[in-house]
Amino acid sequence: MTETRTAPAAAGLDDWWQAYRLYTDYTELLDTRRLDEWVGLFEQDCVYRVVSAENDAAGLPLALMRCEGVPGLRDRVHAITDVSVYAPRIMRHVVSGLRLAPDGAGYLATASFVVTQSLEGDRTRLFAAGRYRDRLVRTGEELRFAEKTAVYDGTLIVNAVVYPL
Amino acid sequence: MRLGYRWPSEDVSRIPHWVYTDERVFALEQERIFAGPFWNYVALSAELPERGDFVRSWVGTQPVVVARTRSGGVSVVANRCSHRGMSFCMEERGNTKTFVCPYHQWSFDLEGRLTGVSFKRGVRGNGGMPADFRLADHGLTTYRTTERNGVIFASAAQEPPALDESFGPDMVHYFDRVFDGRELRVLGYQRQRIPANWKLVFENIKDPYHASLLHVFLVSLGLFRADQPSRVVMDGTGRHAALVSRRGQQVSNEVTEQIRTFDERLVLNDTTMLAPAKEFPDENTVVMHTLWPNLMVQQQTNTLAMRCMVPRSAGVTDLLWTYFGYADDDDEMTLRRLRQANLQGPAGLIGVDDWEVLAYHQQGLASAPEAAGVVEMGGRGVGNEEHMVTEAAVRAFFVFYREVMGW
Amino acid sequence: MRLGYRWPSEDVSRIPHWVYTDERVFALEQERIFAGPFWNYVALSAELPERGDFVRSWVGTQPVVVARTRSGGVSVVANRCSHRGMSFCMEERGNTKTFVCPYHQWSFDLEGRLTGVSFKRGVRGNGGMPADFRLADHGLTTYRTTERNGVIFASAAQEPPALDESFGPDMVHYFDRVFDGRELRVLGYQRQRIPANWKLVFENIKDPYHASLLHVFLVSLGLFRADQPSRVVMDGTGRHAALVSRRGQQVSNEVTEQIRTFDERLVLNDTTMLAPAKEFPDENTVVMHTLWPNLMVQQQTNTLAMRCMVPRSAGVTDLLWTYFGYADDDDEMTLRRLRQANLQGPAGLIGVDDWEVLAYHQQGLASAPEAAGVVEMGGRGVGNEEHMVTEAAVRAFFVFYREVMGW
Amino acid sequence: MRLGYRWPSEDVSRIPHWVYTDERVFALEQERIFAGPFWNYVALSAELPERGDFVRSWVGTQPVVVARTRSGGVSVVANRCSHRGMSFCMEERGNTKTFVCPYHQWSFDLEGRLTGVSFKRGVRGNGGMPADFRLADHGLTTYRTTERNGVIFASAAQEPPALDESFGPDMVHYFDRVFDGRELRVLGYQRQRIPANWKLVFENIKDPYHASLLHVFLVSLGLFRADQPSRVVMDGTGRHAALVSRRGQQVSNEVTEQIRTFDERLVLNDTTMLAPAKEFPDENTVVMHTLWPNLMVQQQTNTLAMRCMVPRSAGVTDLLWTYFGYADDDDEMTLRRLRQANLQGPAGLIGVDDWEVLAYHQQGLASAPEAAGVVEMGGRGVGNEEHMVTEAAVRAFFVFYREVMGW
Amino acid sequence: MTETRTAPAAAGLDDWWQAYRLYTDYTELLDTRRLDEWVGLFEQDCVYRVVSAENDAAGLPLALMRCEGVPGLRDRVHAITDVSVYAPRIMRHVVSGLRLAPDGAGYLATASFVVTQSLEGDRTRLFAAGRYRDRLVRTGEELRFAEKTAVYDGTLIVNAVVYPL
Amino acid sequence: MTETRTAPAAAGLDDWWQAYRLYTDYTELLDTRRLDEWVGLFEQDCVYRVVSAENDAAGLPLALMRCEGVPGLRDRVHAITDVSVYAPRIMRHVVSGLRLAPDGAGYLATASFVVTQSLEGDRTRLFAAGRYRDRLVRTGEELRFAEKTAVYDGTLIVNAVVYPL
């Protein structure tokens, strides 16, 4: 566990702020459905997964969404934008408690998230909550996701997960 | 005739919307179907490897607990204490020697026998249960169980027919094709709440007609298409069915021209995602197996999953997915199964199509319960077909449904 | 007498709470009123400028799609596929040549005729629809439509009376006052879910009695007050009504003394917000027009809005606002309309009063369905009045309501 | 016999699950029990110190307002305007000379008499109420009230029996033990929505059997245990009950051995939290007092609280807690009460056990309404007991319940 | 669109932190109903609007709330505090993903919000979610809102919007 | 009231960031149920309280949870981990608008919170929202809670509060 309190200041404020901006890009690009730009936040050989807390706690490998590398992400984005059938909706992320811990060349990052879903014609409803458990790497000036895992708390999904969490 | 309803047609080429929307119909289904002389899927044996392992499950709307008993057998009991009625099991799974209800600590063995009543003889001469109170009179409600090649079923009926009888030879064939006796390994769970009647969820897998049209991803990648060699097989009663097909090529032809959504340019950037590996004796690449009343067994290329329906109300169904492989899978095969899992499930590349359509299907039905659907693709018959251009399995389902429900 | 209910009075000076709270009454209203021989507002012509434009709407609880057809006419069809019943239109608005249901891709023209059934003739000799299957037998449920000066209405009845007949001359007068044939321009939408019965929402606009007392903002600024020249006008049946009044001064007098909430010190810091501009031939500054069964046309100074009610259940109503101006408005007038929009709507300076009161009104009614309201302000009559100190329009509404509902 | 139900046993050793799950039973309970000739707790006098003070409350599902009148008396009126039925009181508490309904500003005195109708005589000769309209005919629905030593009760019945009569001597004794005439001081509120039938919440406090077993914290710390000197006392009818006991030591003995959950190692790090102080004449340290139909008075060591039940539906109950002390408490005693409050309530160290168990209890009952609970601990009798190893008070409750409900 | 990732660090950390404090003032003053102080966060000639995502996306000019300048804000505050009839409630804002981009004299700022409503006597319920799209200007030491637009996601408002979002 | 806008920058960015990390530890340790470590975030003689907005506004002293000092916290944690009976659940906190104001040796801190609850077998639901009103003190490098009060908005608790807010 990299989450203990022993090295709270291990990563500097500037690093933290850069990571904060990465997460801001991440949620903003998702919530405004600019998914092609969103893919740009990931490393070529990244792994992106949406996993239930149930499987995560039991050490079961199954994910709800699993994209390997930018190609895998592009396939998912292509399906969402051009292929899948679903009703229009607006998702909204709030992220809190971003923690950054140095890890080799990059950082291990964790944060809490809550996501709402507003289906066209309906009111805003709570959709999901959970925790990001990510690995960030620096290339030049940029921070990117080398690994991103969204562990969602609820046992039951509200019908369908159209967009990445 | 019951509930003042009348089926709109002699045959099953019409299905009234009210079977999907009326809570009284739903209640009657619980009694006649889920509590009837049929086998409800409740768990995989692989979820209960050790004596004392238990997992919560459902028989229709009834909460139950499935356990591996001391003798190594399987038991299914109602999750309802015989004292005051509490759902005593508050955890999804675990291991225990006895079931202890937290409220007053009545304890039961894993077969549901009442083995202990706290303060039964009172405290220092005070209180306690009456002299004529017999533990034997107060066991938990139990279910008949059967286990076949690693799959556990339960029935509320006193003497349900044997599983293979209830399946019939063809369904046993397809069942044993996946459950061939090899030990299974659970890869994980997916669970979703679908705002649609359980029969819509069930029919969706009995309806190959939609698969060729709704699922662009499936169709365009040639994973499943109307022009591919395929069959719809049913048991004698029509309640069970298997949709069997073979993966084709990604080509356009006079058939794909009939499919508005066909997109021959659709290619995967990550080709590993759906890369198949032959693992079954026959040439079939997809077998979607619906086993009355609550189970769908999915073999989509190398993704194997149990889809268990838990009906919540006329308009709500929980769908619980258990993905699995075989204990002897190598890492490559496991990885393959995990990758292909992207296709189905609550976030599936084609799954999403179904869940969204089902939600809007229920909305349409709810707006006009007195109206009826038209089920005539492939004619009005209910027999097996050697192709996918038919709603025969849906019709067959309703032949049996009408019989059981008395309509 | 139906549902075991009996109206508590000979006349309409009493209104039983159960008309607002009983789901069975609500269901009967759908049948008798919203599906009856009446005209439901469904959209503005300005929302469908081009051929092929469509927008989702509602006729009571029924989901419909309103479309501008090839011929330039308007059609309204049920959003329910004739195959299996799916609500095929999953988007709020758009433009299309045909309606294609995503589930199995049955396609319909904009008038609702079934024009295509995928795999109708099967695939390579397999499947397909029966020989006797006729597209003509499976169109969408359609509604009668009428369009008057840019406003579109629909009726489920086979032969509803003509719109002007159903309005009557006085209501046509006030309707044409705002809809004088000029092209309209939609300024935007506001939508809210009100936890109250649809009739409470409707009555609220037929009840000038409350306006003088509840809405301090309105009263104190002299925008609407009991002592101002005003009229309550109804059609012959009493189902429609227009509340007509003229803006007064912000003065206190023996009338305002009767208004506890009157506040002569109330002044606006931003005087531009409510600055009026005369734009109608007559001197009236406010006309609140209720058109049975689901429309309220608001002309509050320079804010023009359609308020469309979508009843969801006995205790829940969606209120959908469409604000508009005229295509020939200059920017100044448009800005004026946008500024004055602060007054009404879900966040309206006076609107909030109504929504909050309605929520508590429904709570009170639900606590005692057997009790009855007293509607005697302005006497017990149901005729037009040349003043605002009356509940005549509410009484008149219930005269017609009782007739239609058979109480 | 009503609703087609039949009690499963001659005596009350069986309780059918349907009494907890059927909405029709719930509706009948409102009529027979909460609106019956009984006294519902509505507020403490200490909440209404000044003339004109008011607080919202409930009599079953009925919203009411409790007020301190001009004369210094107490009045309870329905929160439902006599004009159109709005719940006029939109605030939890306050001080006022008159109740003014915001919708049309009808005003009522604190006894519920209609004192003013705005525009009653019209405006400048227009409108107004009919000549024969009499204010006296349109007061608010009122409730009979009674106040005893700082506790306020209300009844919908015209002539309910006097409070002491309805309590009986024993219950009066325990009531006056806490409410001895000293002025009370409110320390604060806790409010929770419990997903369980109101009778489950009520029984929970009539059932000492569970306390010894479920509440490890209670038991292990010796705060309450089956082997301690204790009594179960009821009134003649069995509807009310008091569970009386004395704090023991934290020792293990042949009794605690019967308690699976007993943990003698359990010690508090913060010993101040539960440090007791004797404050009542007798030696009893805990008296849990259930007063039909909606009140539980808790004296747990030095925490004193009213637990008021507001039934919302068959499966939902709001539990409203009012913690109090005496006006003459010194700071030390107040601090003691605040510290001990950790034990009970929605986040109570032992409270949590109950709320969680109740939620699962209701789930179990809902899964089998036709089944029945077994209530035989301490025999099948319904009399007082000098020990805690009994469900006598639960049985006694149902003797009266059956009588009132006509089963 | 000023929201692309091209200039992530365009505004400095100190500016960001000052903006963060402005949003903290904004939400805290709203949630504690100190509305007169809240008006103090705006420029004299500001424009404050609450707009549905539906209208915003369709380019329709109608707002749900529209206040022009501090006078307009004062009128709205006056109505809320002294004039309107409504049941007591507590609103609670959470803000996430605050992005700052330089814009002439000031900044363009965006952030996500989720708002809960707790009606007296009821439990806490989700009320709204959406996105702020604001223009900030600096006067002396202070940052203020020259323009603030709260774009809410849900199509249906839960009955009434009493307080500004 | 220490919440006015008069001294917005009163506490420095570094202090703020350290406080931000303290709140991140707080929510993360709660949401991952590492309650023994969570106790480590408090001063020996701290006071921790969960209070309803209703009591808080009325000046009524009753709390929903009240722990005096680390011993009191330990008792609560012991009850949660070893004694109480309840169904498994996952809580998730999001915190927003952290404000820091110097106060003698330490700081007064306020922040908004929203908490979701995901009961095993159910979907994620909104559980609570409210405001932290805390006093932080510095011991050596570390910041700790000398006083923490979670004031929750809703009148009705959703059945039971198992974990601290």
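The chains carry the letters A, B, C, D, E and F, assigned in the order they are written, with residues numbered from 1 in each.
Definition applied: contacts are C-beta pairs under 8 Å (C-beta built on N, C-alpha and C of every residue); 3 or more make two chains touch, one makes a residue touch a chain.
Because the structure is predicted, anything quoted here is derived from the model rather than measured.
Touching chain B and chain C at once are the following chains: A, D. Put simply, the C-alpha centre of chain C and that of chain E have 31 angstrom between them.
A separation of 26 Å divides the Cα centre of chain A from that of chain F. Note on chain placement: the centre of chain C and the centre of chain F lie 48 Å apart, centres being C-alpha means. The multi-chain contact residues of chain C, meaning those touching 2 or more other chains, are 90, 92, 102, 193, 214, 353, 356-357, 360. Shared contact sites, meaning residues of chain F that touch two or more other chains, fall at 13, 85-87, 94-96, 114, 120-121, 123, 126, 155-158. Two chains count as a pair here when they touch; such pairs are A-B, A-C, A-E, A-F, B-C, B-D, B-F, C-D, C-E, D-E, D-F, E-F. Residues of chain B that touch chain D in their complex: 61-63, 78-88, 90, 100, 102-105, 118-119, 122-124, 126-130, 133, 138, 141.
Against chain F, the residues of chain E that register as touching in their complex are 13-14, 17-18, 21, 23-25, 27-29, 31-32, 37, 40-41, 90, 92-96, 114, 116, 118-126, 141.
Note for the complex: chain A touches chain C at residues 85-88, 120-121, 123. Across the interface of their complex, chain D is touched by residues 15, 17, 209-210, 212-214, 226-227, 255, 258-261, 353, 356-357, 360-361, 363-365, 367-368, 371, 373-380, 385-390 of chain C. Looking at the complex, you find that chain C touches chain E at residues 92, 186-195, 214, 216-217, 220, 263, 266, 268-270, 272-273, 318, 323, 334, 338-339, 341-342, 345-347, 349-353, 355-357, 359-360.
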